[in-house]
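Two complexes, one shared chain (chain A), two partners (chain B, chain C).
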Partner chain A sequence: MRIKNARGAIALTAGASLALVLSACAPPMDEEPGGTDTGTDTGTTEPTGDVAEGCEDYAVYGDLSGKTVTVYTSIVEVEQVDQEESYDKFEECTGAKIEYEGSREFEAQLLVRVESGSAPDIAYLPQPGLLNTIVNDFPDAIVPASAGTEANVDQFFSPSWKEYGTVNDTFYAAPLGANMKSFVWYNPSIFTEKGYAVPTTWDEMLALTDQIAADYPDSKPWCAGIESGDATGWPATDWIEDVVLRASGPEVYDQWVAHEIPFNDPAIKSAFDVADDILRDEARVNGGFGNVATIAITPWTDGGLPILPAGDDDPQCFLHRAANFYQNNWPEGTNVAEDGDVFAFYLPSIDGESSPVLGGGEFVAAFRDAPEVAAFQEFLSSDTWANEKARVTEGGGWVTANNGLDLNNLATDFDKLAAGVLGDPNSVIRFDASDLMPAAVGAGSFWREMTAWFAEGKDTQAVLDAIEASWP
Partner chain B sequence: MTTSTPPVTAAPTKAGVQTRATKLRKRLSNPWASLAAVVIAILWTIPTVGLLITSFRPEVDITRNGWWNVLKFWERPTLTLANYDQALFGGQTSLANYFVNTLVVTLPSVVIPISLALLAAYAFAWIDFKGRDILFVAVFALQIVPIQVTLIPLLTQYNQWGLSGTFWPVWLSHSMFALPLAIFLLHNFMKDIPPSLVEAARVDGAGHVKIFFRVLMPLLVPAIASFAIFQFLWVWNDLLVSLTFAGGRPNVAPLTVRIAEMVGTRGSDWFLLSAGAFISMIVPVIVFLSLQRYFVRGMMAGSVKG
Partner chain C sequence: MDWEYVKYYFNWLTGEIRDFLLVANSPGQKIVLAIVVIALFVGVMALLLWLVDRPRNPRGWLVASVFAGPALVLIGFGLVYPAIRTTQSSFYDRTSSVFVGWDNYVRAFSESEFQIVLRNTALWVFLVPILATAIGLIYAVLVDRTRFEKLAKTLVFMPMAISMVGASIIWKFVYDYRQASSPQTGLLNQVLVWIGIEPQQFILSQPWNNFFLIVVMIWIQTGFAMTILSASIRAIPEDIIEAGRLDGLSGIGMFRHITVPSIRPALIVVLTTIAMATLKVFDIVRTMTGGNFGTSVVANEFYTQSFRYNDKGLGATLAVILFVLVIPLVVYNVRQMRKVEEIR
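Moving on, here comes the complex of A and B:
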């Protein structure tokens, strides 16, 4: 009897798994992602919108039929869909095949692949620091940018962007997409209702903060969250960087990043104090979550959500400093517009005149010396790609620092705002400092100490000294 | 002949076991013990239940408050299948594709190490050759090598052999990582079988092959099944090995890799993870529940003997 039961159980499992295999096999391995099957009649000039007519723009890349370029990146679905779609035209016109692979473990896995000799042809590096590591540790693996790529970057990007893709005077990686981090999210309808004006100087912003605190005694003006798994603390570093850029200026910022001045320099300390004034004032934070210490345990993805009121209640929070990509975190159906549910304004400068911008972005590095790889790298740095990408990103949420981009191709007003600030010649753009600092600081002590700054209320000077002591 | 020996030696211990079992049963049927067991079981299950409930809640509710708010039935909480829908069909490649990949990864990764380990275990247990003990200790000692240190050298080797982008690196790696423990467990279990059985078969003229298949195999079923479950669960749930050796390409990436990507580039879709977790859990749960009898019996039998 017992044995019979056991046999029955095995049969059951075997049957169940067989059924699963069969049902899973039922739909045939369907078509290639990206819809390359539409490209059977390559070279025909069908009008596909007002950006690119036919293949004229792609003629410079020549005929690459039968060639394959593998791309490895940290950009996964949903953004991956638009990313791949923006290569369709290139594939159709040149005959090359782009094999796209996205992974959230990109930063660790890329190094593993490079070290074991299976580097992808093209990788999108999210940090210049990673490029630095690769060039210094694996100089034979990475290929300097092709001449065409460099020409494109000279033409379409500001010199500072080119510099982030340069290591030891050799230009390796061209910028791809960009982030614009100096934004404060707010609720436009409340602003209209109460007659609040979007602040244009830091003092106006503090005045607005006090005004809100007086008008809504049950809420707090600001909210923030810096919890992000094993990267907890990074949103706080962005906050600090934005303030350093404003309080101490871009020159001090550059020295700070390069460690020409120590991390606990008085100039940095004074910037921390400016941030302290908002972020560690119980009267000003943490709307919707509780006291100052909750900033450390609130997931950064949720940090700004109290701006959206639940039902007819007053919002719990009114201002949230976060990058343009925070717009993906608003729940589905949220109208991101100047007259919608949420929108963002540029985090004002302290002097009210300069316009410093904290940015970020991906960089396209090549790992194989071949014409098709060089052609694809060149394509990604061109205005053709920037406009094509803007055109296929129908939902918005993508910008670039490529000034060949026609802003009218961007899908949303918010993207136009972000791209406008990034492309503005008066903007003083600086790259995210923690991405440029050595990993022990930029992805280590800076994150940890910022978390302690909120969670334990650690003294600012002690935080600065601890980070300085950890600098390798 | 073969059946006459075991009952003689087993009879007294069997009686002992029975009295111990009755004693244990008496002690366990104490209402307080039952209560404690029920409380522990409930505490143990709460996180899983919470995850299950979360997987049916709409995104807005998940981000706004905890799953226990569903219990406020007077507020009419909404439940939805939208998370499952998005997890299964939301991606460019249907999740069914990754499901097949996981099966294709898992089955050979279970069969290969067990087949090899059975042969090795037989040799270690019943064939007397020079250096047997040292070799066995060496194999056993391989268990302490952390798989993380082998990743880059192995990947380099696979690339030189031109295996990257296929299932072979994953199959081979899983087999390698499983073999030391498989050999150890199966060896101990084989050693446990009374030598007289094997000797009797040998006297009757059976060779190694016949002894292996006719005498030992039927007795080894619980041990094989228990190790198979063990290995099955480990391979099914593995992320590190497949991420390193298969990568994220849709043609080889298993379910775990896809589910890890599900949260999106910046982690904003984390609410999908609850649904994804339950989808990937179905098969292991079926396998475990239907074979758990073997699991407990086989693990105990193999491991208590030195």
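Moving on, here comes the complex of A and C:
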């Protein structure tokens, strides 16, 4: 048998394209393993001691010329621009190169990459629960925080924030940005027009709800939306957490998170009932979208928009509980201010005295033991970065719990309000519970069951029992 | 892969060339690397083919192994090995460390949420192939040899060119719901409002929402069925049709006694191919409901368990269940394809 030339050629072409695909799939090799130096340090132009102008705050990180640090994160698009801009000065002064990669599939992909041995140098973990998983499942992949990072965190963050970045008594990850979730968005001009006062207790808030329902029979007082692609349900968990913190107190909250009390404990059930009173009452929701079930299919990003009336119409809804970062969802040109189109008030406590705050944030974990990685991690936990990030975030919508931040560097009054609450020593701050629970609950059954709670009107006890049963 | 290990094998290259190739950072380096790899591959393949071609009468096994060898290695590495690993992890716990026997399988078949998943998968696999093939067949017969054949076929075939995610987003808009007092943004609800019916929450109303999702898959697959079946209808020999006509057949009789029996093998290939695609359906469910509202299917649940809940054992179990369900279809499909080829 002779091989015909044409066939041979086809085989070769097919094979060649396969090889091309395979070579494209090979992992990039940014740095040699083991930290061996590729090139000899040519001792860049600057001698030590002489620091370029504007780089004084960066001298501590030394000369990192020719080094690259890869960053993998779930922060994408709009916010990515500011994020990258805040590293410019670090890159300029130290000579290091930061390679930023944002992905919407971050949470699933990070574990895949860590498991396959191609972890990024630095990852921003949006949940302490994920840090826990990584430390327990891949103890050799993650590197404890550098001494400089730890010193910064001790200086600039409250102990509870450090605790969230600690697993089994080892401190791994420093906080980056922070969220303040206990806000209720409202329309200030309607409040002025009708003489509504911003409520300072839960009962006042319910009275205001009834007042609005009476004044605007064609609208509903509250609106909500928990649809968020494959993360549908998370906004509802924030709602519940805020209420647990208020109805049952921070101690019960901590026990609930740590599973020292079952998920279906009566204390949690009673908190659900408080939320139920607003969120599943057809007379109170879902302004602009329809009945209670529509909460499950309304995109989170659209949930509060009916607060802004179309033309001279009455708003379709008046109150929307959402985190500080909801401010990025208002249409362009919306004036977010106390005398503007929309603003937010602090979700009041039930006793009217304590001030519980639900927060969230990202944590910076390192996966390579190298000086440049340690330096970058240290930089991100410093007051230098916090202020630089505040300066470059010209549009607002970013805060941190770093108390080295000068509030005047924040772009908007609203950011100052959020940062002020986070930094207030009287605030009892608790981290987003679903981010602390195991993924099977915090990113699984809790989301899923909350969605069913709205979509199917599922019984509260059944919801709680199902979540408890799924706890690994 | 351990790069130190790889580099060890490339020690014969001088340091700089080696680093240039293996530490490919810039696009230029990557392109050079790609060209080198392609050249290597072409070289090795050419050498092998040349060697096989050398003897006047090459031995059969030698030819077979050179041709099938690379494919077998790739199948082994990319398919068989992962399949074995997956099956193995399905007997282990969520972190793949503790052996748990059949526990994962018991869970997958006994817990009510997974029973809904299995029910939905059954619904999909039953409805999509039958409806898509039936509609495709009837359409193919109806437009066959008409004046608008090309245009009509293009219209039905077009959804095939849209990705599943794209199609899902389109249909999500079609099913979109707004309260009765607001202007409707969804096409279907707007139509309902025009004819005086209250707008419906298509995505939410269980169990009917499953059917609204299934419609999307049928919309995509009908084009495929129509194209293949139309080609086989064309391939029916004229003399058979002629004979049928002489025996007084026409219309539905012709369809039942001549057309369908003649294209039976093609029909079965189409049915099984669509059934396989349907078993693996994931994109539509994930895009439209994320598996909420009682619409999850096995493939979606597998992804959720493996990558969101980090339960590797249960994820692997669902993958194995899917795999076992697909096998008979694949076997049947391959056998039918062989029959089609024999007939030709």
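By definition in this document, the second predicted complex is superposed on the first by the 419 of 472 C-alpha atoms of A that agree within 3 Å, B and C clash if a C-alpha of one lies under 4 Å from a C-alpha of the other, contacts with A are read in each partner's own complex, and residues count from 1 in each chain.
Convention: contacts are C-beta pairs under 8 Å (C-beta built on N, C-alpha and C of every residue); 3 or more make two chains touch, one makes a residue touch a chain.
Because the structure is predicted, anything quoted here is derived from the model rather than measured.
In the superposition on chain A, contact is made by A:S74 with chain B only, not with chain C. Looking at the shared chain after the overlay, A:D154 reaches neither chain B nor chain C. Touch criterion met: A:D137 reaches chain C, while chain B stays clear of it.
Contacts of A:G290 after superposition on the shared chain: chain C is touched, whereas chain B is not.
In the superposition on chain A, A:A310 makes contact with chain B only, while chain C stays out of contact range. By the touch criterion stated above, A:D459 is placed in contact with neither chain B nor chain C. Of the two partner chains placed by the overlay, neither chain B nor chain C lies in contact with A:E56. Residues 12, 16, 20, 23-24, 27, 29-30, 33, 112, 117, 229 of chain A are contacted both by chain B in one complex and by chain C in the other. Contact residues on chain A toward chain C in their complex (touch as defined above): 1-3, 8, 11-12, 15-16, 18-20, 22-24, 27-30, 32-34, 38, 107-108, 111-112, 117, 133, 137, 218, 229-233, 288-291, 293-294, 296-297, 439-440, 443-444, 448, 451-452, 455-456, 472. For chain B in complex with chain A, the residues that touch the partner chain are 59-60, 63-64, 90-94, 96-97, 99-100, 103, 151-153, 155-156, 159-160, 164, 225, 243-244, 247-250, 257, 260-270, 283, 286-287, 290-291, 293-294.
By the touch criterion given at the top, residues 6, 9-10, 12-13, 16-17, 20-21, 23-25, 27, 29-30, 33, 74-81, 84, 99, 101-105, 109, 112-113, 115-118, 228-229, 301-302, 305, 310, 325, 328-329, 331-332 of chain A touch chain B in their complex. Chain C meets chain A in the complex at residues 1-4, 19, 22-25, 33-34, 37-38, 40-42, 45-46, 49, 52-53, 57-58, 63, 67, 70, 74, 94-95, 177-182, 201, 203-204, 206, 286, 290-293, 304, 307-311.
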